[in-house]
Amino acid sequence: MVALIVIFISGLLSLFLAFAKKPWLVLLTASAGLIAGGISLFTQFYYQYDFIHYEGLKFDGFAVAFGLIAILFTLLVVLTGYSSFKDKPQHTGDYIALLLFSLTGALCMLSFTDMFMFFLGLEILSIPIYVMAGSNKDDVRSSEASLKYFMTGAFATGVLLFGIAWIYGGTASFKLDEITAFIYNAEGTHSSLIYIGLLMILSAFLFKVGAAPFHFWSPDVYDGSPHIVTGFMAAVVKLGAFGAFMKIFSVTFAGLHDFWAPALSVLAILTMFVGNLSALKQIRFKRLLAYSSITHVGYALLTIIVQSPDSAFNLWAYIFSYGFSTIGLITVAIIIHDEEDRIEAFRGLVRRNPFTGFVAILGLLSLAGVPPLMGFFGKFLVFSEAITQYPWLVAIAIINSGIGIFYYLRMVILVLQKEDDDKPKTPRHKVPVLQMIVLAICALALLFGGNMLIF
Amino acid sequence: MILASIFESGVSIQFYIVLSTILFAIGVLGVLIRKNAIIVLMCVEIMLNAVNLLMVAFSTYFGNGDAQVFVFFIMVVAAAEATIGLSILVLLYRNNRSVDIGLFNKLKG
Amino acid sequence: MSVQQLVPLILLFPLIGGIINGIFGKKLPKALVGSLATLASTLSFATALMVFFQLNEPVKIHLFRMIDLEDLRLSASLLADNLSLWMVLIITGIGSLIHLFSMGYMKHDAGYSKFFTYLNLFIFAMLILVLGSNYFMLFFGWEGVGICSYFLIGFHYSDAEKGMLNGIAARKAFIMNRIGDLGLLIGLFLILSQFGTLEYQELANIVTVDKILGTPWMMFGITMCLFIGATGKSAQIPLFTWLPDAMAGPTPVSALIHAATMVTAGIFLVVRSNFFFEHAPMTQEIMLYIGLATSLVAAFIAMRQNDIKKVLAYSTVSQLGLLFVALGMGAYTAAIFHVTTHAFFKALLFLGSGSVIHAMSDEQDIRKMGGLRKKIPLTHLTFLIGTLAITGFPLLSGFFSKDEIVGHAFSHNVVIYGILMFSILLTAIYMFRMYFVVFFGTFRGTHEQEHHVHEGPASMTLPLVILAILSVFGGLLNLPGIWLKGQAHWLSHHLEHNTGGLNLIEAEHADNGITLMLMIIAVAVCLGALVVCYLVYGKKQNVPVEDAELSGWQKISANKLYIDEIYNFLFVRPTEWLSVVGHKFIEIMFLNGIILGFAKGIGASGELVKKWQTGRVNWYILWMVGGIVGLIVYYLVKI
Amino acid sequence: MELLIIPSLFALAALVIPRNFMRYFGLAGGVTSAVVAIVHAVYYAPTTKYVSLFDPNWTSTFGLSYKMGYDGISLIMVVLTNVITLLILLSNFNKELASNKMFTAMVFFMQVALLGVFTSMDGLLFYIFWEITLIPVFLIALWFGAPGRKQALIKFFIYTFVGSLAMLLALMAIKTGICGNLPAASFAVEDLMAVQLSACSACWIFGGFLFAFAVKIPLFPFHTWQPDTYTNSPMAGTMLLSALMLKMALYGMIRWMIPLAPESLESYKLPIIILGTIGVVYAAILAIKQNDIKRTFAFASISHVGLIAAGIVLLNVDSTMGVFVQMINHSLVAVGLFLAVDIIESRTGIRNMSELGGIAKQAPKFAFWFGVVALASISVPLTSGFIGEFLLVRGVYSYNWIIGLVIGSTLVYGAVYTLRAYQLSMYGPSKNFNFPDLTWNEWLVFFILMVLIVILGVYPQLVIDFVQPSVTRLFENIHSSKILVQ
Amino acid sequence: MSSLEIIATVLGGLTIGSALMVVLSPHPVRSVLYLILTFFLISGNYILMNAQFIAVVNIIVYAGAIMVLFLFVLMLLNLSKDNEPKSSIKMKIAATFAGGALLTVLIAALKDSVILPKTEMLENQQGMVENLGQLLFTKYVLPFEMSSILFIAAMVGAVLLAKREKQIIE
């Protein structure tokens, strides 16, 4: 709770400090706020002071673990985005504040105990992102992304609320523990209201995490949004959504697991295939990343489908590894700074900027799941847990990993290749210090984080 | 006060369930069928109102005020969403001179 | 020094010679290289002689264990007994002479040192073949001589015109040998699976003493496989076509490898494995008929060959056929006897032809020779002796050795005897034909060649003379019983005893009366052929016509019965066709096609899925609605 | 542990060493690690059960036990790896490539990964190292390969990667115990072996491993990546692929596939042997009419390894010894042949055999050494190739004589295509290109190869004594820890 | 059929009709007006269900604020003309089908759902301002406060998006 307040206040502060026209001040405030938030979250976890229970929010181990990486990712995104925020000094504060507000939403999503906070958290998470997606106002694509995200998002909100209403109708409660208890007590004799509500909420979650057939917004929005926002969406928003997803489905609706798991499995498979297949022929980088993220959602869904004590950790590990790869790649894309965001712009990167290229390769291979990078361990944890219950699902996921390697490898080769001789040589990209730091963190995490995960 | 409870007088909760379902479906239909972004937003509002209606119906039926508070929050969010939505539309209109969502298909594939 | 120490020395000398020449040969003077190689071979021969006189009983020398596994124990060890030592003597003796000859013959060749390296290594490999105490060692030598033979056939690989052809001939030889080797290898496996060992002595004990035999079929399989190996190395039908082609190598090589030693390895193998063959009458029969056929076919082909070395090559094949006939009848010592004399006179003939070729400045076509009698008298004389010996001229070595085989054949089956005699007649005819065409008549070569014709240096003539002497008196080794009763069949007796516990089981000798009769027939055949050939080629000086003008059987003979073409059609072309078609259709189109098809299919479905992403937001929402409807339908179905 | 650390340090140091010293540095690294491996081998007593390199004696929550160590089987592969790496570095010594820091680093990196594969005593660790090996070899091929390499490399990478995923699936399946009686305590090899599998699941697990290994070996229908990749890789890449990477799969079959799921060996035995046989004959026939000399030897490689794979599944000590001898021989021969091809290609720019010829006259030394290697390739006695093929063909033969006969035809076919390639390029009159003879480093490589080939060919017992106790023990373990379902 | 039932039915029918008109009316302004009507009718329903506070808020917030905003934007952007581009016929069919399907399956799923028994509380005062105020400021004070973040974000966002960009400062 303290963390939430600290972060919110640092957001507010950066909003106001922006008037000072000193972007670094904003950055400092935001970073300080994030770090302070992270520390307070951690101390709370570490000293276990009672996991302070507020009406509606509960910072338990789950929330703290997920919250910490959410804060970490936000910090990385802010750091990496700082150089592009600087281009519009009058808006630096707004952008950073919106990201921080969104983060508070994410924290709510991770710690809610009733539907009120869940719903509000979701909206706090989403609304700044609707705005941020369109923050590149000169760019039609950005606006279009914003519109699409908003339209589909609003629709999904409607669906979610409808679902909540049904659940309320079925259980007469908004509190998760009461709903859980209700479902367990009345096992087998549930009203259809609960089922329909569950399916509606499921749909909304699938929308939020970007699973087929609710995924259509995500390539367009990832593609159109500014890089930073894409990174933030891929790392933090997805994390928040998955956290809530797991909270609700692995705990609250656990009693109905037999009902929703098969449906979710099928959708997970669909998601993997759709993501992978669509990614094959992409020529724009963020779009590729979007489809790849859809695929990864498919894999991550396995943690929710599988009910085991380790699911939460596996999900955490998966998102952890995925987030670093994505943020690393987004940072690289920002460094390359191609107007049209073509994949082609990555050509020969490793020769121009060896370290940047190296991180790009690490990120791509990690996404592909090549050991010993962190992505492999994330996947490995998920799959090896799932294989005990759904071997066929894991087999399909593995096939998809195989398909996925096609486009990651294509990009890796691109990064490694020489530039065409007939075209003018791209000059060496300048890498600001902050981005260098982010890249270094990502590289370290990707290389050595994997071992940590399975420790 | 005036009316003890509507559900005491023979109107079943099913009636409101069906009513709000129909309203929701109409909202969905509108979202799908209209191309003017503003109208689409309005249809989303219809969906939200369907939810509100349902919530209130359950609230009354259960004699529990929580759902009405929830409806209150839904309205709050709806207002915020409408603000954002409309500003996005303004933004779009400035660039495109139109709010026809059919025109926004640069991003695809 | 004891036998134990001497026997490895026999092997060591040529090996050391080969290694020294191989490494330093280029830098040493030619004379030294040649002498070194010759010395190595001669030393080997001397050592072998020492062993020969010391040897009282078979000696097995264990060198080191090679493969020591659960049910496979193979060691590198040597077995010195009368049989192997006899072969060693032939190999090193003839080998030394040929080394000597080569010193002169190869003088102007660029690859002088290389040549002697190969020769020494060949001697080494051949010695391993005969001295090894088990089939595994035999196989080592067996393949080793094949390799040396390969390199020596293709020795002039960089020749502008014939370089590639030499290479192809070498390859053909090697591959045909390989086919035989495969048979031999399978034979080894069979022996292993049946008897669990490859040591001659142990096997002989098991088979002859313990009488533990496999099923008849097993014995047939073993012996048949061994025989297939022998057909490869000893150029029998169907694997004989490589030998005439192998004449692409330098002439001393033909003399050493393709006449005197390597090709007799097959004979040696069968003789060594006599205890198996005795229990496989069917194989013996097959061997007999194949030998007979080979002898006849080769003789037939030789009738119309005009390359001096080709004639000799076919004659070798024919003689080898004869040897297999002998083996098929169980006349092992007769076979070894003939191997010995054949080594003498065939080496002599080849070296003689080498001398002729040398004199003629590398001309090999007998139609372009003629009248060489006067120009190179020593060569002529020795060549004549060789010819007479091979045709079975009375009292020369070939006369006796052939006669023994013929005698066995007569007592075995008269029909076979008849066919054999026919083959001998053919041999006499084509040998005399060649002799007369080359040495009689007028000189038909170019003027330049005529100017150059000269006798070789002493290093070349000396071996000729020695071999001629051996060819004349070689028969003394194993005189038939009608002469010198006490000393008769010396070689047979020598070989029958003391052969590593596997005493040769020899078929009965024909009695004296019949022997005499057969001798008379043989003499008649030989002399008849001599007279006819003299009349046709010597006196009338007929020159063989061009191949194109031939017809009937002559054409077939000149074209080698079209066997190469048939093989080409049956084996080579289909394989090449398979290779090309397999690569194009199976590899590229089918297997690769499947993989690419997968990739393409995935790519195409990717395109398809991409189309789903229309870019229109209400379609997106429509799909979301579709998803919700689907989920609810799932609920309706499920509950 | 120094086995792995030394090459790792060299790999890292290669990134900072100046170009001028790079080639000497590379050589020094190669020699050092080879010496270290040989010292290990010298101090290794074949009867020792197991030498641990790294064992924290602790298992991560996830079952990764980090166990590394070697017995005879592993150690022979370690020595092979280090020696071959040294030879690869040596054979590149006079090339521009050798002074490239990425190249040198990648070779060492590859060495580390390979050593990891061979010394992992933990399934997951094995898999991780197994996959890591892909990266350096891929990079070497990508950066320094032929112009048209991209497609071939993509195919190679994806094909082998997908194959390995099947192995991962199998490993996970054993560990989590979904198909056995219990989940394994960890991925350590003995824990995995302790899992009793049902017949059906053993079949799947075996299949998963088999697919991974079959692609890497490559066995017959899974080989299509190989000729393209070999021809498009630079010499070092081809050597790494054929001399070492392929051995990982063969090693994996002995160490992992069969011990973990011996229950279904019986049902897979015949198919694998038949596939191996088809591969032997098929690749040999295809090699006969290839015009590209490198491609010929690529097919030759397929042909040779088919026999090895068949020998492995026979699961008797004798043929397993043949497998080891033949694996070593294949590595040596592959290095020699591909070095020869590269010498030809780099000096003439031609790989097309019909345009080559007459090299022997210009470069007699080269012709000699190439000849030696070619002979070893066609398994002439006195070379290690003969011993290997003898043992293997015998093993197959005693399993089934018809298959033995067919697979034995490799003796004949091998001679056909190898000699063809050799003669077409070497024999004949000199063509109009200048062909300098061997440089000292190339000569040295060939010399070392020949020494090793001949030593093994004459005294294979050297290897056999080294490996046999471990193999026997492994087989005993297989038989004792599992109830073999016939 | 009691009078309440009749009222409820009529109100419900009117609501549906009005909502349908929103969707079907081709003219945007008319859609807005129908929507306002819909809101009023829904508020009527709230009153029927004794939720006066919500009913009032609904009218104030929705019909009053939000809809005026909509109308305002509509006018501002000069979209009041009857120039809305028509959806393709394919889309229309698909949309109708989808909407119909959604309705059908929902009704099918819900038609005989078991509803929890209603409480016996006859004096239903839940919808009163007082009660809701109690709830809002005690039990649900955290969400209430959290919604401030939402509003700040929305506010900043709206400004950020809708503000016409000045020429870049310096």
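Note that the chains take the letters A, B, C, D and E in the order they are written out, and that residue 1 is the start of every chain.
The criterion applied here is as follows: a residue touches a chain if its C-beta (ideal position, glycine included) is under 8 Å from a C-beta of that chain, and two chains touch if they have at least 3 such contacts.
Since we're looking at a predicted model, the values are computed, not measured.
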- Using mean Cα positions as chain centres, tell me which chain lies farthest from chain C. E
- Most central chain, Cα average position: D
- Task: Report the pair of chains linked by the most C-beta pairs in contact.
- Result: B-E
- Would you mind checking which chain's C-alpha centre is most distant from the centre of chain D? E
- Item | Computed distance of Cα centres, chain E from chain C, in Å | 102
- Task: Please work out the Cα centroid separation of chain C and chain D, and write it as a whole number of Å.
- Result: 37
- Note on the structure: Here the gap between chain A and chain B, centre to centre from mean Cα coordinates and rounded to Å, is 27
- Message: I'd like to verify one number: the distance from the centre of chain B to the centre of chain D, where each centre is the average of its C-alpha atoms, in whole angstrom.
- Response: 66
- For chain E, write out the residues touching at least two other chains, lowest number first. 87, 91, 94-95, 98-99, 102, 106, 109-110, 113, 115-116, 139-140, 143, 147, 150, 153-154, 157-159, 161
- Item | Contacts with two or more other chains, residues of chain D listed in rising order | none
- Message: Which positions in chain B are in touch with at least two other chains?
- Response: 13, 17, 24, 27-28, 31-33, 35, 40-41, 62, 64, 66, 69, 73, 77, 80-81, 84, 87-89, 91, 101-102, 104, 106-109
- Message: Can you give me every chain pair that touches, using the contact definition above?
- Response: A-B, A-C, A-D, A-E, B-C, B-E, C-D, C-E
- For chain A, which residues count as touching chain E in their complex? 8, 12, 15, 54-57, 88-91, 94, 97-98, 101-102, 104-105, 108, 116-117, 120-121, 123-124, 127-128, 130-131, 134-135, 137-138, 146, 169-172, 189, 191-193, 195-196
- Item | chain B-touching residues of chain A, taken from the complex the two chains share | 115-116, 119-120, 123, 127, 130-131, 134, 137, 140-141, 143-148, 150-151, 154-155, 157-159, 161-162, 164-166, 168-169, 172-174, 219-220, 223-224, 282, 287
- Task: Report the residues of chain C in contact with chain D in the complex, numbered from low to high.
- Result: 64-72, 76, 139-144, 146-147, 150-151, 154, 157-160, 163-164, 166-168, 170-171, 174-175, 178-179, 181-182, 185-186, 189, 192-193, 575-576, 578-580, 582-583, 586-587, 591-592, 595, 599
- Item | Interfacial residue positions of chain E with respect to chain B in the complex | 1-2, 4-5, 8-9, 12, 15-16, 19-20, 22-23, 28, 31-32, 35, 38-39, 42, 45-46, 48-51, 53-54, 57-58, 61-62, 65-66, 69-70, 73-74, 76-77, 79, 84-87, 91-92, 94-96, 98-100, 102-103, 106-107, 110-111, 113, 115-116, 118-119, 121-128, 131-132, 135-136, 139-140, 143, 147, 150-151, 153-155, 157-159, 161-162, 164
- Task: Would you mind writing out the residues of chain C in touch with chain A in their complex?
- Result: 599, 602-603, 605-610, 612-613, 615, 617, 619-621, 623-624, 626-628, 630-632, 634-635, 638-639
